[in-house]
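Input: a single structure, listed below in structure tokens.
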Amino acid sequence: MNIERIGVLTGGGDAPGLNAVIRAIVMAANKHGMEVMGIKRGWAGLLDGGEVELLTVDDVEDIHRTGGTILRTSRTNPEKHPNGMEQIKKNLEKYHIDALIAIGGDDTLGVAQKLLRDGIKVVGVPKTIDNDLCGTDYTFGFDTAINIATEAIDRLHTTAKSHDRVLVVEIMGRYAGWLAMNAGMAGGAHVILVPEEKFDPDEVANIVKKRREAGLNYTIIAVSEGAVPTDAREFITQDDKVDEFGHVKLGGIAKRLAKVIEKKTGQESRSVVLGHVQRGGAPSAFDRVLGARLGIKVVNLILEGKFGQMPSLRGTCIGSVPIEDAIGKLKLVDKSFLEEMKIFAGR
Amino acid sequence: MNIERIGVLTGGGDAPGLNAVIRAIVMAANKHGMEVMGIKRGWAGLLDGGEVELLTVDDVEDIHRTGGTILRTSRTNPEKHPNGMEQIKKNLEKYHIDALIAIGGDDTLGVAQKLLRDGIKVVGVPKTIDNDLCGTDYTFGFDTAINIATEAIDRLHTTAKSHDRVLVVEIMGRYAGWLAMNAGMAGGAHVILVPEEKFDPDEVANIVKKRREAGLNYTIIAVSEGAVPTDAREFITQDDKVDEFGHVKLGGIAKRLAKVIEKKTGQESRSVVLGHVQRGGAPSAFDRVLGARLGIKVVNLILEGKFGQMPSLRGTCIGSVPIEDAIGKLKLVDKSFLEEMKIFAGR
Amino acid sequence: MNIERIGVLTGGGDAPGLNAVIRAIVMAANKHGMEVMGIKRGWAGLLDGGEVELLTVDDVEDIHRTGGTILRTSRTNPEKHPNGMEQIKKNLEKYHIDALIAIGGDDTLGVAQKLLRDGIKVVGVPKTIDNDLCGTDYTFGFDTAINIATEAIDRLHTTAKSHDRVLVVEIMGRYAGWLAMNAGMAGGAHVILVPEEKFDPDEVANIVKKRREAGLNYTIIAVSEGAVPTDAREFITQDDKVDEFGHVKLGGIAKRLAKVIEKKTGQESRSVVLGHVQRGGAPSAFDRVLGARLGIKVVNLILEGKFGQMPSLRGTCIGSVPIEDAIGKLKLVDKSFLEEMKIFAGR
Amino acid sequence: MNIERIGVLTGGGDAPGLNAVIRAIVMAANKHGMEVMGIKRGWAGLLDGGEVELLTVDDVEDIHRTGGTILRTSRTNPEKHPNGMEQIKKNLEKYHIDALIAIGGDDTLGVAQKLLRDGIKVVGVPKTIDNDLCGTDYTFGFDTAINIATEAIDRLHTTAKSHDRVLVVEIMGRYAGWLAMNAGMAGGAHVILVPEEKFDPDEVANIVKKRREAGLNYTIIAVSEGAVPTDAREFITQDDKVDEFGHVKLGGIAKRLAKVIEKKTGQESRSVVLGHVQRGGAPSAFDRVLGARLGIKVVNLILEGKFGQMPSLRGTCIGSVPIEDAIGKLKLVDKSFLEEMKIFAGR
């Protein structure tokens, strides 16, 4: 059977570069005589009656320059909907979609993998702003996020220096510290704390003190949102709610750490949470190129009948790997990179 | 008496452009055969033994490109120190400082004004990132802060749109809404809330609903940190502490507003606090030029013996006004500007 | 007669902020119950059959973030077309346009002024990226262009310094030096040459030499495209074509100046022409706000029947002035600003 | 013999990220108890008496944020100086430099390789803004240059569109088209011309015409400075000088191409040469991280006695390769990448 019509959807959190992928898919598919249907709001757009519309070259003309996804996104998991997977298959048929491109992270690709087993012609495009997905060197959106966080750290430097302060900046990264490591190193943070390695607040305080002794009255600490202290007791406040197991969810690590450091060092300490700003806006050149190349490649995978695969970046080359090799695992920052960073700490 | 040596200090919060002022002062003073002494950490550097060092043209070579202040800053008020004002005068004498340039906001210039009355040759340079100082059209740092906040709003747009969300972004401005007004208008916020006018959360919720009815599933709300609702009751949470008068300090307005809006509209709502990122980093071209021109002018004021004055911007011209005309008053966003904004709200 | 339908056109060179003006016009007009017709390609869109289309709020949703003009532009002067002015009036009637907004510089506003005399209800919006228009403090596009040129100068600094070079950078400004003055001052150029004052190449060379003697092996020279040497003979090359009057058009002043300086100082000298890059792309926050406010105001001018007027910026306030006061004159950089700059030259 | 003192020099054209390398070298070497001597102006600083100074951690505190090289650079080749190689060895001895780090491209590393053969303990760090060096995925400076060129193309888009123009933008890359390929793809150029493949101007003109027929009245062409037409005759002008072999050096390809395209299509065509702006200024986050990691690694190579090696990037890992494997070869854009681009051309 010939592929005449491709469906494309984006799932999970948005990442700069998504539109570059969509644009390349539409342009490449059109060159090869295939139509592209845009599915709205991730898997949600294939439930119920479906939210599906034709995407033309005109629709995608200049979208590679903007963040977000013109298809919009959701975290909807069809497996949690009664008859969800069936509805998806029905809607794919209803809209005459011969092959489906699922752009997303672990969750989105997980559903794609299940549809594949049911005989649907699915290919994937890996997406995670945290860069913690296996099977590819870099994911798009990651470079843009690093640049945004680096610029923020640059800005904080001049303020910290002028006011003799410790500034703790909280960066995305729940399970992996790629963003904090890279932005911290690029921005010249003096301490970087990541989920891969529990941190000792006393060691951090000592770096602050040591810098002060060397006449450096300021310190920048970059901390992943998922970083955890070796001993959480000092980080818990009276206002924290304890769950039924006596556990406290340590949200807002930057704010807590700033307080702990101020107490331990006597130095004025403040925190900044970069938040949603990190994932929006115009993608960097790297992310646009990566997005474009993945988009072209994924259309080629369809043409070659390589279903169940997703494009991946290796060095400067775009190859492909099976979707199932990428999901369910976490790519963590390796020990040696964590070690490298230490030469910048505490002088 | 001839002026042979000028002292310069920076007080209060840092603002991009401070270094451009310092650089221009050093270069202009040197051209006119005067030396410049850099006083460290605001008024604090004139207490005790003093922290004062010669500033040469080499010291300031490229500093106009960086934020913060190479002289560092503090909020130290000498009037609150025993014998503070006396120590200052003694140290000015000790370091042979014939004339003093105080760069700062209301507090810093207030101390300058008092020294003037005691016969010290003082001139000022107005500084506030909030732009709420009378006597000048714009203050440096303000344009940079607007650009940073605008870029953040641009970024939030693509995320809000992709996820069908309301995003509330908190922008500096405790007493005046200049920053939120300008960044909100530049960034295309749909609602802007400022301290000048109490806001009705129901009206805000209605704009969100009206947009949704028009098919626009996202809304960006720019809110000054000092904005206040007409009725604060909905904004108070169980965790808030009540003071002895039964009052609650409404910090974190963005987070509170996001919760109120989500409750009223049923639409997913999130908040972002830009925080310290707004005041640091490389100054915009406007702020560098403004800083340079103020620095040149303040040296001219000294040469012309116009003590008690500070340079000010009027249109494209640099003039001067008495320091006392500028302090103790707040320049608020005028009603007509607030009205203008409303054409962008709720379509 | 009630105004029910407004026409809007953009003429002359594009300037960042044009789309912010158009967006604000559409939103403000719609709030007041008026329709807006977009006229394509300046006056050209009102010749022949006319190129005119309805502009809705949806059409302008996010356009304030992009440079250029969605209406496109041209330098077409209807007076040079046979029956041009008549065709324009006929087409305004054909499309039931009750009032016309002409956004443009000297030429565009000149035509507007003539239509006004013929009884057409015209208002203007001043536009020139060079900021050389009388009647307003700043024109939109100017701030963006300064920022672009400043960033370029910042970049050139590090290269000039690393390679011990003189770098001459050519900046827009045929008749007025506003852009070179501001970008040069913001970027820390050591010499700034503008059309307002002929320059002596020997003086420039002396600054380069003096810097070198002070151990500064690099110099940045910012030059307006319209700057002219006191004596042009050294700037003419063998390849230049001489016109019938024996004159040479001195295009490419940066390249010529670099050669002259290299010859006079023996120091490696290179040139960069910023060119079209200066006028495109995303507008700065200042230009977006200025554009938005002018757009709102110009609709108010129509509502108030103030035809023949254009909005203008004075300090932080938007007022209005007669179009005829603005055209036919050139706003030049004042002498005192030119003097200020000299403290940065040659140390 | 123990390494107690390392010398470091930078040669050839500057590239953003050089200072990040230098900073990391100093910090890493200090951590390991070694001193670092900064050699000025590349190999030139080791000729004659030598220009060599101690580099401390304070000297490199914040330099990773600035472009260029604090050590300055030159294209001096000691082999072309009488006794040059001998002087270098003598000066290395004079300054007690036990091991030498040469940061540079083909030429600089070529000299390093020769010193190695003479028994000098040399390691290298690869540097080329064009990314055309073998042995490593990416070189620092390249990502920054792409971002600058991409931003320029973004800006040109809005102008081209508003004025119905063809804009030809000339991008660095004498022998390899990496920069034009990446910036062109990221910026959404419609045609990309690189040295790897001769281009047919008629084909380019056809794309312009085809776009116009599709209602797209503008076209952006990204061209490497080293791109060559299949037939150069149309590109030669009367003013070109012919050398003794009857050859013309085709400098300024963008300007020439714009003229050819305008003639072939009748559409207004302009050119922009990005020039030196592409290589200066603040490095991107990617380049700062890459620089820092290479700097750390090269110190490790010294500690491990791996002379004759240079660090290289493979995926996200820093490894090392022999210097001799990297020099004398050119890494070109592969055919498949060139093919990918074609889906964006001419719709």
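First chain written, first letter: the chains are A, B, C and D, and each begins at residue 1.
Just so we're on the same page, contacts are C-beta pairs under 8 Å (C-beta built on N, C-alpha and C of every residue); 3 or more make two chains touch, one makes a residue touch a chain.
None of the values given here were measured: they were computed from a predicted structure.
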{"item": "Partner chains that chain A and chain B have in common", "value": "none"}
{"item": "Each chain counted as touching chain B and chain C at once", "value": "none"}
{"item": "Degree value of the rotation bringing chain C onto chain D, based on Cα positions, nearest 5", "value": "180"}
{"item": "Centroid distance [mean C-alpha coordinates] between chain D and chain C, Å", "value": "34"}
{"item": "Whole-Å gap separating chain B and chain D, where each centre is the average of the chain's CA atoms", "value": "41"}
{"item": "Centre-of-Cα separation between chain D and chain A, whole angstrom", "value": "30"}
{"item": "Sites on chain D at which at least two other chains make contact", "value": "154, 157"}
{"item": "All touching chain pairs, where touch follows the definition stated at the start", "value": "A-B, A-D, B-C, C-D"}
{"item": "Contact set on chain A toward chain B in their complex", "value": "10, 13-14, 16, 18, 41, 66-69, 72-74, 148, 151-152, 154-159, 161-164, 167, 239, 270, 272-277, 279-282"}
{"item": "Touching residues (chain side chain A, partner chain D) in the complex", "value": "24, 27-28, 31, 57, 62, 64-65, 137-138, 143, 146-147, 149-150, 154, 157, 182-183, 185-188, 284-286, 288-289, 292-293, 296, 314-317, 334, 337, 340, 343-344, 347"}
